[in-house]
């Protein structure tokens, strides 16, 4: 299928480019680390408080670094007008969205996995009790952020004031993802059974699917000239 | 000025005025005082402006959604004009909701703001459409602007029920800061007449505003087309 | 850069016959206009390009050449009027139709952080080519880039980038080649090499549309000459040497 | 002595100020556009200018 082929090609291309330049992952990592450090100045929590607020801090740090990483990742396609080259490909432009989304999710999750221990050390968290659940939360939450984030990075690339437009559009719309991911993470950190979080998992999965499909269908309008 | 020569605008304005007078008459004089609200009598009447404004603003955002889809399907730029007009009017009414809400909550609940699902969703709705309008400012070319705005108009509206659900679930898991009785709980049927009357009046007012805003887009397009012909 | 500086021989391989024997599409523009707010980029252009024509689009900067080429490449949607390929309106075309178009724009469409070969294999994957490695080797040889396969696109000179860009557009052997001022910034040998190569493409029955703001440079292989001025098609005639003076006059008038 | 009469008045005044402010704002924007349109049409209808610089 043309769509899958183009998406896969773009995904592999992004992996190759990232392996070479590492500019997306370094920007996410450095920024995320800085935010983690800044948070330790803002709060000096006891172990118990830390478990309560760490979910929120973690996802705020992920959100901010994601915004940075997403616009860097899309800048790769606008340099040398490559996006026009992609649009010449014999597939619906939605394929470009899917490929970009896949590589964005991968880079973000990888960066988050590296950032987690930093938070664990700074806030004395025991993050690794249930690694499977932790990874699932990271994946679903990040996919949610990236689904709209990839879309809006393409939207804001068309505007003056790109740096402003991406967060302005992304933040209000991703509130449900943030709430759900934070709740899941808090339940995990507090050591409560994960069945408490089933509502939030449903919300995350629903959000991810709805917006991935919608953005995929609408992407051709974003790149149309 | 301009609207004086426009019979439809005059009609809308007149009808809106008459219905609003009737609506507020019912709201202020006929509707009974809720027993629990007797203490805060006049403030309680803010509700008759607050709830209809919320309806109107929501209707405005729904119009943005429908017009955005229609634009993408038909590529008729007039749908885009309708979308931007409805978005702006929706934001104005949403601002009214956000202003009147806390003014009501402070004397009644004792606090300005609470993060309950309805309040939070309204605030986020406001931010989403503010973003929509900002986006339009920063895209210069009309065709591009219409496309990008339509995409955001659709995504934003689909997001609203999810935001609402997320906030409701969130709140049910956390202790409520106040006894948020909920505005619509046990509303006296006679109160509905006031609410509906004001809603009808505000709806016509909003229609007038949308119409004037739409006319603005129309004139702007006319000006650009003329300038294009003249090659100035 | 041996190939770029030496007066190079004709390209090693003339573009081969069409894989499936299909013809180039007939391209038609019907009162096509493109506006950018107040600015008119194309003004009711009426034009039919028959299969196998070699068309040169002349006009000074801002005359609408780029808009025309991008419209033909299905990258721009017109504000008014229609674009038809074999009588099918552009919006109704299947995405797979893009396989039949090759486009070179002002920018290279190349990823700086990838090597020449990696760029090509990415585009080969986009087009779903059968034996990509073989085809990439072929195209690299055709453009004289064999020894540059593993240089990063970032490090290539302007001329080499342009050749790689040509290789990219030629990878999937399109029926229609659209080139927007491909000669800009190239030295004379590279330029004439490119024109010889384009003439070769044309001989296999492909449609070639090249834009240029320099009259003398690209006329030899052309069968037809268009002149755009302020978005209007003001001159459209077969390329005949005896009309050269007339064209030059028009172009100079337009430049004034 | 109603509690919160102040809040009530502020709410109504602010909300109506918002609606009418927006209406007036629209009218002003329409007026300036209309002026611009009229000026342009005037200039175009004058024969000496109508053909424009490229005529």
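Here the chain labels run A, B, C and D in written order, and each chain numbers its own residues starting at 1.
By definition in this document, contacts are C-beta pairs under 8 Å (C-beta built on N, C-alpha and C of every residue); 3 or more make two chains touch, one makes a residue touch a chain.
Values in this document were obtained by computation on a predicted structure and should not be read as measured data.
Chain centre most remote from that of chain D: C (centre = mean of CA atoms). Remark: chain C and chain D have CA centroids separated by 49 Å (rounded to whole angstrom). If you average the Cα atoms of chain A and of chain B, the two centres end up 32 Å apart. Taking the mean of the C-alpha atoms as each chain's centre, chain A and chain C sit 39 Å apart. A separation of 20 Å divides the Cα centre of chain B from that of chain D. Multi-chain contact residues of chain A, defined as those touching 2 or more other chains: 224-225. For chain B, the set of residues touching two or more other chains reads 140, 143, 227, 231-232. For chain D, the set of residues that touch two or more other chains comprises 54.
Of all possible chain pairs, the ones that touch are A-B, A-C, B-C, B-D. The touching residues of chain B, counted against chain A in their complex, run 72, 124, 127-128, 130-131, 134-135, 138-140, 143-144, 147-148, 150-152, 154-156, 158-159, 162-163, 165-167, 169-170, 173.
Across the interface of their complex, chain B is touched by residues 148, 151, 155-156, 158-161, 164-165, 168-169, 171-173, 175-176, 179-180, 183, 199-200, 203, 206-207, 210-211, 214-215, 218, 221-222, 224-225 of chain A.
For chain B in complex with chain C, the residues that touch the partner chain are 140-143, 224, 227-228, 231-232.
Every residue of chain B that touches chain D in the complex is listed here, in rising order: 1-3, 39-43, 45-46, 49-50, 53, 88-89, 92, 95-96, 99-100, 103-104, 106-108, 205, 208-209, 212-213, 215-216, 219-220, 222-223, 226-227, 229-232. On the side of chain A, the complex with chain C involves touching residues 2, 5-6, 8-10, 12-13, 16-17, 20-21, 76, 79-82, 84-92, 224-225.
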